[in-house]
Each structure stands twice: as C-alpha cells, then as structure tokens.
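In what follows, structures are represented as structure tokens.
In the two complexes below, subunit A is the common chain; its partner is subunit B in one and subunit C in the other.
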Partner chain A sequence: MPERRLVSGNYAAAYGALRANVKFIAAFPITPQTFIVEHISEFVNDGIMKAEFMRVESEHSAISATVSAEATGVRSFTATASQGLALMHEILAIPAPLRLPIVMPVVNRTVAAPIGIWAEYNDVMPQRDLGWMMMFVEDNQEVFDMIIQGYRIAEDKRVLLPFMPNLDAFILSHTYEPVEFADQDDIDDFLPEYKAEHAHLWPDDPMAIGVFSPPEYIQEYRYQTEQAMEASKKVIKEVNDEFAKEFGRDYHGLVEEFMTDDAEAIMITLGTVTSTARKVVMDMRKEGKKVGLVKLRFLRPFPKEELRKIAEKVDAIGVYDRSISYSAGGPAFVEVRNALYGMEKPVIGYLAGLGGRDVMYSDIKLMFEKTLEAAGKGKADKEVVWVGTRGVNP
Partner chain B sequence: MYEVRFHGRGGQGAVMAAQALADAAFIEGNYAVAFPFFGAERRGAPVLAFARVDKGKIYEKTQVYEPDYVVVLDDKLPLMVDVTKGLKDTGMAIINTSLKPEEVELGRAVKTATVDATGVALEVLGTPITNSAILGAFAKATGVVSIESIKKGIMDIFGARIGERLAEKNARAAEVAYERTSVGICKGTLIYPEEKKWLPTAQEFPTGGALGLEVKTDAGLIGLGSFVENKTGSWRTFMPVADNSKCVNCKLCWFYCPEGAIEMLMNLPESEIPAGTGTDPKGNPKGIKIDYDYCKGCGICANECPTKAITMER
Partner chain C sequence: MSSTKITIHDLPKENLFTGGHTACPGCGAAILVRNAMKVFGKNTVIYTPANCLLVFGGTYPNISWKVPYHHVAFENTAVCSAGIKRALKASGKDDALVVGFAGDGGTADIGMQALSGAAERNEDILYIMYDNEAYMNTGIQRSGSTPYGAWTTTTPAGKVIKGKERFKKDVPQIMIAHNVPYVATASIAYPTDLLTKLEKAKNMKGFRYLQVYSTCPTGWRVPPEKTVEVAKKAVETGMWTLYEYENGKMTINVKPKLDENGNLAVPVRDYLKMQGRFRHMTDAQIETLQKWVNEKWKRDLALEKALQ
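== the complex of A and B ==
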C-alpha cells in the first residue's frame, strides 16, 4: 500500500531522490532549498538511503561534482535555488551536450538585486538555453512524482538530457500538504537501475568526455542536443501515460488543459498560480463565463504544436509570468506568442507575483476578465499587463 | 473549508502549530495544508502561519485573508496587532491568556476561547513554549478536530523535529490545555492606531531603492537609523534585571548584547547614576543600565554574566 503523509515540497523532493535510488548527491544549502539536501543527509545518515553524500563548498562545486558523478554512470542529484542556480550557470551548460541525465530540482526564488527569498522565476529563466528539460510543478505530489518521472525521461536513450523540475519558493517548498509515496517495489519496476552506455568513466575502460572541440565538431553537438530535446516530447508523453496507468495520476504530459473545450478565453499558467486559477475557472464557469486554463508544465521542450492546437479553439489567450524579460514581456508570454505566430489571436502577457508577492484570487480573476474582454473585441488593448503594481494601471 | 491564522513570535513555533493542526485534520481523513507567512521573520518579532482544511483537495495557493479561526500564542500580541483583522463574523479567536474570555480585550467583540497556555507549558514542559498547548484549546473550543488527532499531529510534526520523548510532553500539554479552555465573548474595546506602512508607487519609488539616513515618510522613518522608531522591547517575554551590587564591570553583557541595549554606568553622566551605586577597584561606578525600549529579552546578558548579577524575570 502506498503511504500518504503530510509533507513539505522540499521533503517531497528529497523523498523522491530516495525512492528513485539516487546514488550520488552533492549538497550545498541555500534558502529555500536547504531542507531538500538536509532531509537527504538524514536519510543517508539513518541508513535508509544508500548513496554517496558529498558536502561541497559552493553551488558551482555542487553541479560540477554532480556532472562528474553522472559521467561515471551513476544516478546523480543535487538541488538549488536563486543565487545558487546563477552561480551554477557556467557548469549548467555542460550536462546537455555531454548527454548526462541529471535531475536537479530548483526552488524558484528571486535573484538579487534587491535581495529577497520569495518566489520569482528570474533565477530559472536565464538558464533556458542550456539544454535542460525544464518543467514547473503545481503541488507537492507533483514534486515527488516528477523526480521519479524525471529520471525515467532523462535516462531514456532517446533523450539523455538533464531534467529540472521547478517548485515555487515557500508556496510549495515550505508548505505541508498530503503526498502519496508509491511503494518502492512499484517505483523500482517503473524506474529500473540506470545503465549508462555512452558515458561511464572508469579506469579499467578509459574514455574521454567533453574534450576540446574546434568549430568542425561543435555544430553537430548542438544539432544532436536539439534532436534529443525534440525527441523528449514523445518520451515525456509516454512516461506520463505509463505513470498514470501504474500510479493513477495523469499529468497529461507537456501541457494540461482544464475546461478549455468551449472556452472563449484561456489563461496559460506556470507553477502554483495554476492551482488557484483552477478555482477561479470553476467559479467563473458557474457564472456562465467561458474561460479555460492551460497548465504549461514544460517550458523545455517547448510544446508549440500542443499550444497551436489549443489556440485554434479559443478567441484570446492570456499568459501568466512570474518574471520579466525587460522590454520584451514575461518569458512564457514571449514564447507562447512566438509559437502562435500567424494565428491572428490576441495574446496578452500578465506579470504578477514578482519577488514573491501573493498572487491573489482577485488578481487571477482580473487576468481572466481582461482576456475575455480581448476575446470579445478580437484585440488586446495592451500586450503586457502588470497586475498588482502600485501606481500602474493593469 | 475552514482557514486558520496563527499569530506568534518568531521562535514560538507558530509554523509547527499550523503543521500539527493540518496533520491532525489530515489524520481524520481531510485534505489539509499548512504554510508560513511569506515575509520577513525574526526571532521575537510578530509572525503568522496558516492552515487550510477541507474534505476534498484544496486548490487555493494564496495566503489566508479571511480566517475562520485565529490562534494567538502570545498574550501580549493582541495589544500590538489587531488579531481579529479579516476574521469572519462567525469566527473565533483562541487566545493564550490567564484571563477569562469576557475579560479579554480585542479589536472586535468576537467569540473567544482562552487558556493559560504559558502556564500549562511551564507546568508540563518546563518552558514557556505554547505552540502545543494552544492546539488543545483549539480542539476544545472549535470541535472541528478531536484532541486525540491533535495529539497524533503533535507526535508526527514535533516528533520529527524534537524527538519522540519531547513530543509526548507536548501532546500532554495539549491535553491539559484542552481541559482548561473556556469559551465566551470578548470585549471589542481595543482601538488600534491606524496601520502605517510605507508603500510607494512605482513612480515614487527611490531610484535603485537607494535610501539615506532616517528618511521621513507618512508612515514614519525608513532607511538607515529608522530602527529607533521600532521599539523591539515589546517582543520580550522575559526581562533581564540587574543587581548592580554584584556587578564587577567586566562589560561582557555590554559586549554581547545584540541590541546595544546595555550601557555601563561608568559611561553615563554623573547625573544619571543612581544614588548608592558602588564602585569597582578602579573607582568607577559599577553596574549597568538596560534600555527596556529595545531589549528583546533574549537572555544572552544573563547567560554571560560571570557573577550572576543579571537574572531573567517573567
């Protein structure tokens, strides 16, 4: 029988690493991630997790050690947030071209300045172009499930790319909610031991990885990585479906549609705002308003085909962002609008909750109402709308 | 669904109380969520924690603005903070105080449950940590969760953090508090000064957030030196009392005080030195003066004092 307990998002991530039989962890603390590696240190200390637990002196070292361990062919894990992720930037570019399937949860926290510890995606968005699969979770159950699914997707021979589940600082990391932990035997069947074929550094069987490469080789690396990222779309869906069959929870792969069938206006959301938005949609539907929700689970690979198909059904699209790409709009908005190029539908980008400001029910309702208005008029008055900013009209 | 807001001070365990309540409700088959306030927290400063409980899955991932219940861990908090803010008219305040509900003063006359959780905690735990005792009062006053489940919730959450033996004591504290809780209607006679907070618009915001010395705003001072208006003495549970006759002028308390709230008498003008003050071998007046406007009652001075000249009193 699977056990069901009330745990924090950080615990769910740590327990995911335990259940995924991770063999190597590099640990460095940073608020609000610290509890992930702290819980794992306890599991290892208590003997319930058999793994090498390495304490390092910085996040740069944490990701360096994790890349190196994965290159020896063992399932490796680390976790970080905010400034820590920024410090990792140089090494984050390494695992994808080398095709090393690391899983690293990131607890999304604002990057200074000004210094803060609450949720914002300006830590993760600057890391988009480094070849990591990036997805955003909605609740603590999904945190646990996506550590398990993450290794299965990442280690698939068609993919072999690093995997980064993103969870909102405090709203998930420090929030306790019920999580079901599948039985170890069932997880072992779903996620067998990792057997590295291409990269397995070992003195008895020498190999070179990541060697100096002049221009006549690098473009092929890039193309191969791009092919792997495109191939991951099918694998993500397959793994999702098998997981749903085995464990009863269906996340619908790259995107999840919620009440979109006859919707006139939809919001596309990332992270925990999705959860509150479900409630808003249910309530607005009761008022007869034709609104729907699309949970953008994966930002990499980017689900452009899925979004174009959904956009065909509706009259206007709103996109929620928890970070700003200055003078361009929110990153998710920019990417969605790019994917919908040529479709002639109004797309509005909403910015709210920056620096961890609470995105309230009324904020989300306002986003839906503005998008509905654009659906009626066939055009948007404003492309980028700041919600809940003092001195700025939305 | 019901929503609960916990008022405590940093270090009193309001977050753990919210978690234990959510765990208790979860044990009874509900969906339950517990989370901290998303804001700055410091030991001793007023803090918030929240819990939501419902039969089915809870989707709201926002803070709680209109709670059904407020739980107050510290009896002095209602003097500083309007704990009834946003509380539903049908709601209830559960307060740690030695007063009867009818004697309690809050901002609104609401259904109120009281228990001397500090007394219970001192009696059962030997420390004034009230986060477990107050949960017993919550169970008794609201009836939405049983005391048995509260005890299990405490065992789960406290047990994981402080060990099973101490968790058992905390469960016992909840049980004792459960028996001593009374319910009535409080007096709504407290008037709070208008809450002032500096909230500039994007246009008013100083360029780059740069602030100089003691910048005056409608909400008081901000920037460097603005702490003079923040009388942290109200965070205190225990106060240090100095017996200057035992003082040897070693200055350890002066050195270690994190607030700079201790001044050596020898550094004060003669007019401020109390009559009858003794002198040290060098002829300096011996003893200290504590600035209770800012002393948070952390007890470091009493702990450092080599002659036990400083004692902490409630």
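== the complex of A and C ==
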C-alpha cells in the first residue's frame, strides 16, 4: 500500500532521493533548501539511506563532487537555491556535454541584491543555457514524483542529461501537504538501478572524461547535446504516461492545459502561481469569460510545438514571470513570444511576485482581463506589464 | 618512520602516463607524473584541474593517461577527487587509489577552499601539488607559491617595482595544521626520496598531501637540461626543505650543508643566478630573500623538534 504523509516540499525532495536509491549526495545548506540537507543527514545517520554523503564546504564543491561521482558511475544527487545555485554556475555547464544524468532540485529564491530569501526565479533563469532539463512543479506531490521521474528521464540512453526540478521557496519548500509515497518495489520497477555504461571511472575499463578539446570537436558536443535535449521531449512524455498508468498521477508531460479548447485568452504560468490561476479561470468561466490556462512545466526542453498548437486555438496569450531579464521582459515571456513568432497574436508578459511578493488572486485576475482585452482588440497596449508594483500603473 | 626505499630501478617499464605528450622539454611536472604513475599502477583514477598537465597530457584525442582520467574545472581538485573516491566506495571499488594532480595555482590559490574542506573531512585521497611556482598554463603569472623577487608576467621587473613583493605561501604547513595523516614535500631532483614518499602515501588511508618541487624551464627562464640541477640547488640553499609529517611527527629528510655557526652554507644567490626569472634582483632584494630563507630554515628545524 502506498504510504500517505503530510510533508514539506523539502522533505518530499529528500525522500525522493532516498526512494530513488541515490548512492551519492554532496550538499551545502542554504535557506530555503536547508531542510533537504538536514533530512538527508537524518536518513543517512539513521541507516535508512545507504549512500555516501559528503557534507562539503560550499555549493561549488557540492556540484563538483556530484559531477565527479556521477562520472564515476553512480546515481548522484545534490540540491541548492539562490546564491548557492549562482555559485555553482561554472560547474553547472559540465554535466550536460559529459552526459551525466544528475538530478538536482532547486528551491527558487531571490539572488541578491537586495539580499532576500523568498521566491523568485532570478536564480534559475540565468542557468537556462547550460544543458539541464528544467521544470517547475506546482505542489509537493509533484516534487517527489519528479525526483523519481527525473532520474528515469535523465538516465534514458536517448537523453543522458542532468535534470533540475524547481520548487518555489517557502510556498512549497516549507509548506506541509499530503504526499503519497509509492511502495519501494513499485518505484524500483519503474526506476531500475543505474548502469553507467557510457561514462564511468573504473580502473578495469579506463576512460577519460572531461578532456581538453580543440575546436575540431567541441561543436559536435554542442550539436549532440542539443539533439539529446530535443530527444528528451518524447522521453518526458513516455515517462509521464507510464508513471500515470503505474501510479495514477498524470502531469501531461511538457505542458498541462486547462480549459484552453474554446478559450479566447490564456495565461501561461510557471510554478505555484498556477494553482491560483486555475481558480481564477474557473471563476471567470462562471462569468462567461472564455479564459484558459497553460502550466508551463518544462522550460528546457522548451515545448515550442505544443505552445504553437495551443496558440492556434486562442486570440491572445499572457505569460507570467517571476523574474526579469532587464530591458527584454520576463524570460518565459521572451521565450514564448519567440516560439510563437509569425503567428500574429498578441503576447503580453506580466511581471509579478518578484523578490517573493505574494501574487494575489486579484493580480492574476487582472492579467487575465488584460489578456482578454488584447484578444478583443487583436493587439496589446503594452508588451510588458508590471503587476503589483508601488507607483506603477499596470 | 621506516619504509623500504624505492629507487628508479624498482619501477616497472610500462608507462601509464605515456610519451607523446606535449610538455616542454625538461618539464619537471612531466617527470613527476610519469614516474609517479609507475608507483601507483593501474588501479588508480586521476583527476587534474586546469593547468599545464591538463593540456599536455589530456588533450583530445591524444590522451597520455592509461588509467581512468577526469577533469571538471580549476578550483575543485580535492573535492572532485573525493567525489570519485566516495563513488567508487559506493560501488564496491574501494580498493582503487584516487590521485589529484594540481599545480600551485590550483592548490595554493583558487583551490585552497576545496583543499581545506577535503583535508578537514579527511577524504581518502592523495593530493599532489606540482609546484612550478606560477600559473604556467596561462603564461607565467604569479601565484601564492611564487617566491619573493621572482619575475612573472604579473610581477614584471618594472622601473619602480621589481618582481614579486610578497613571500612564498607555505602550503604544507597549512596542511599540517589540518592534522591529516600525511604531508610531505619532495623534489624531482631526489628521486629515491620522492618515490619512497609516493609509495608510502599510496598505501595510506585518509587525506595525504604531497608538494613536489617541479622545475619549469619555460617559466623560470632555465635551459631544459638544467631542470634537475636547479631543483638540487633549491634544496642545497634551503629554498626547498624536504620533509614529511606522519602521524603527528615531522622529519626533515635531507639536511642542507650548514656553516660552523649552523647557518645555511650555500648562499641563495647561487640558486638565483641559474634562473632568468631572478636576473633583475637587486642586492638588497637578494639580502631580503636570504634573510627569509634563513628564518624559514630555522622554523623548519624548530618545527621538526617540536613535532616529535
């Protein structure tokens, strides 16, 4: 029987590592990720998690050791947030071209300045171009499930790329929700033991991993990494469907649609804001307003084809962002608009909740109303709209 | 501190770090690595950070390493090596030796944090710093390990300031302060001492640190055929002390010649004049360096006495 417990997002992540039979962890604490490290320490010290655990002296070392352990051929795990992720940046570029299927949850938190500890995506967005699969979860069940699915997807021979589930600081990391943990046997059937055939550091079968490479070779690394990222789209869907069949929870793969079929205006959201947006959609539908919602689960690989198909159906698209790329707009907005190039539909970027400010029901309603208005007019008054900012009229 | 001496005649013929690499002629680091690999044998995994060795031994497709070899970045030799070792342990291959070979820049400067962390955790790895006293791979820039007075491209012999103004950082003493099982200095000019230390370090458990004097003819402005001679002179003048620290005890393995007053007998000037990197030094600078060497030697002796 699956076990159901009330746990925090951080616990769900740590327990996911345990249930995924991770053999190596290196980690360093940072608010709001700290409890992941503490829970793993408890699991290891209580003997319920049989893994090597390096309590390293920095996040730079955490990811370095994790990369080397994965290169040695064992299933490896780390977790971080914010400044820690920024400190890792150099090493985050390593595992994808070396095809090392690490899973690393990131608890999204503001990167200074100003220093703050609440939810913002300005930690993760600067890491988009390094070859990690990146997805955003909505609740604690999804945290746990995506650690398990994450290893299955990452270790698939068609993929072999690192995997980064993102969870919102405090809203998930420190909030208790009921989470169902499947039986270990069922998880083991779904996620078999990792066999490191393509990359290992075993003296009985020597390999050089991470060698100095002249330009004659690097461009092909890039091309193959890109191909693997594209191939992951299919694998993500397959794994999603198999997981849904096995465990009864269907996340719909790269994107999840909600009431988009006859919608005039849709919002595209990342992370926990999606739950509020779903409620707004239901209420506005009661008022006869034709709105819909797309939960953008994966930012990498980027679901361009799926978004274009959805955009065909609607008249205007709003995109919610919890971080800004200065002078360009929110990163998700920029990417969606790019994907919809040539479709001649208004796309509006909404910035709200930066630095962890609460994104209210009324904020999201305003986003829908503005997008509906653009749908009616066939154009947007403003491309980038700041919502809930003192002294700024949205 | 007894252990059987290993000489070059005891080494196997087979190279696990093969010829055909692209180190400069006379490169001390290459001499060290080739011989060290003969001591370590096949059941070894190697990590190198960014440095000359990465480039001359690990450039695709001409890899000189015949054992598993790994590189991630510049500042994480100790932690990546430890990650490999822990992962080997987790997969039942705990008998393999994991060695990190880093330069002085990757050790004394940018790698110091990861090094200190791994030493404090007593990770089961052998860390070898080949000390060529500058960042050679990027074209001879000063490091914390560059000696006083030396010319580098970031400590040029200018009209006002001539060479490095600060003294060499004493990394082995920093490692001793971490109270790890084994810390030793060695030199490519003293092969028996070097090989014996490598063999000893190979067979120990826990964190072992070895710092090996490795002449860099290119960066020091020394003719390649003088590599060993220069390295010998470093020990004779007291610029380099050969010692080991094991289980809390320190032993100086080779004592330089002393005069009747117990001071170092061979002046540091004899060492400096062999190398272009010191050519610009004024008498006052040489005197300053001599004073530093005298004090360092006294401190090494005092430490040996204290750590018995």
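Definition applied: the second predicted complex is superposed on the first by the 394 of 394 C-alpha atoms of A that agree within 3 Å, B and C clash if a C-alpha of one lies under 4 Å from a C-alpha of the other, contacts with A are read in each partner's own complex, and residues count from 1 in each chain.
Criterion: a contact is a pair of C-beta atoms (placed from the backbone, for glycine too) under 8 Å apart; a residue touches a chain by one contact, two chains touch by 3 or more.
Since the model is a prediction, treat every value here as computed from it, not as a measurement.
K.L.:
State whether A:Gly391 touches subunit B only (first), subunit C only (second), both chains, or neither.
P.N.:
first
K.L.:
Check the residue A:Met343 against both partner chains and state whether it touches subunit B (first), subunit C (second), both, or neither.
P.N.:
Neither subunit B nor subunit C is touched by A:Met343.
K.L.:
Which partner reaches more residues of subunit A, subunit B or subunit C?
P.N.:
Of the two chains, more subunit A residues are contacted by C.
K.L.:
I'd like to know which partner A:Pro203 touches here: subunit B for first, subunit C for second, both or neither.
P.N.:
Only subunit C is touched by A:Pro203; subunit B is not.
K.L.:
If we overlay the two complexes on their shared chain A, which of subunit B and subunit C does A:Ala112 touch? Say first, second, both or neither.
P.N.:
Neither partner.
K.L.:
A:Met360 in the overlay: touching subunit B, subunit C, both, or neither? Say first, second, both or neither.
P.N.:
first
K.L.:
Using the touch definition from the top, list the residues of subunit A that touch subunit B in their complex.
P.N.:
Contacts found on subunit A: 6, 113-114, 118-119, 170-171, 174-178, 272-273, 275-276, 278-279, 356, 358-361, 389-392.
K.L.:
Per the contact definition, I'd like the list of subunit A residues that touch subunit C in the complex.
P.N.:
The touching residues are 23-24, 26, 51-52, 54-58, 60-61, 64-74, 76, 90-91, 94, 200-203, 206-214, 217.
K.L.:
Applying the document's contact rule, which stretches of subunit B touch subunit A when the two form their complex?
P.N.:
Going through subunit B, the ones touching subunit A are 19, 22-23, 26, 31-36, 38, 58-63, 65, 156, 199-204, 209.
K.L.:
How about subunit C: which of its residues touch subunit A in the complex?
P.N.:
42-45, 47, 54-55, 58-60, 63, 65-73, 75-76, 79-84, 86-91, 93, 96, 113-114, 116-117, 120-121
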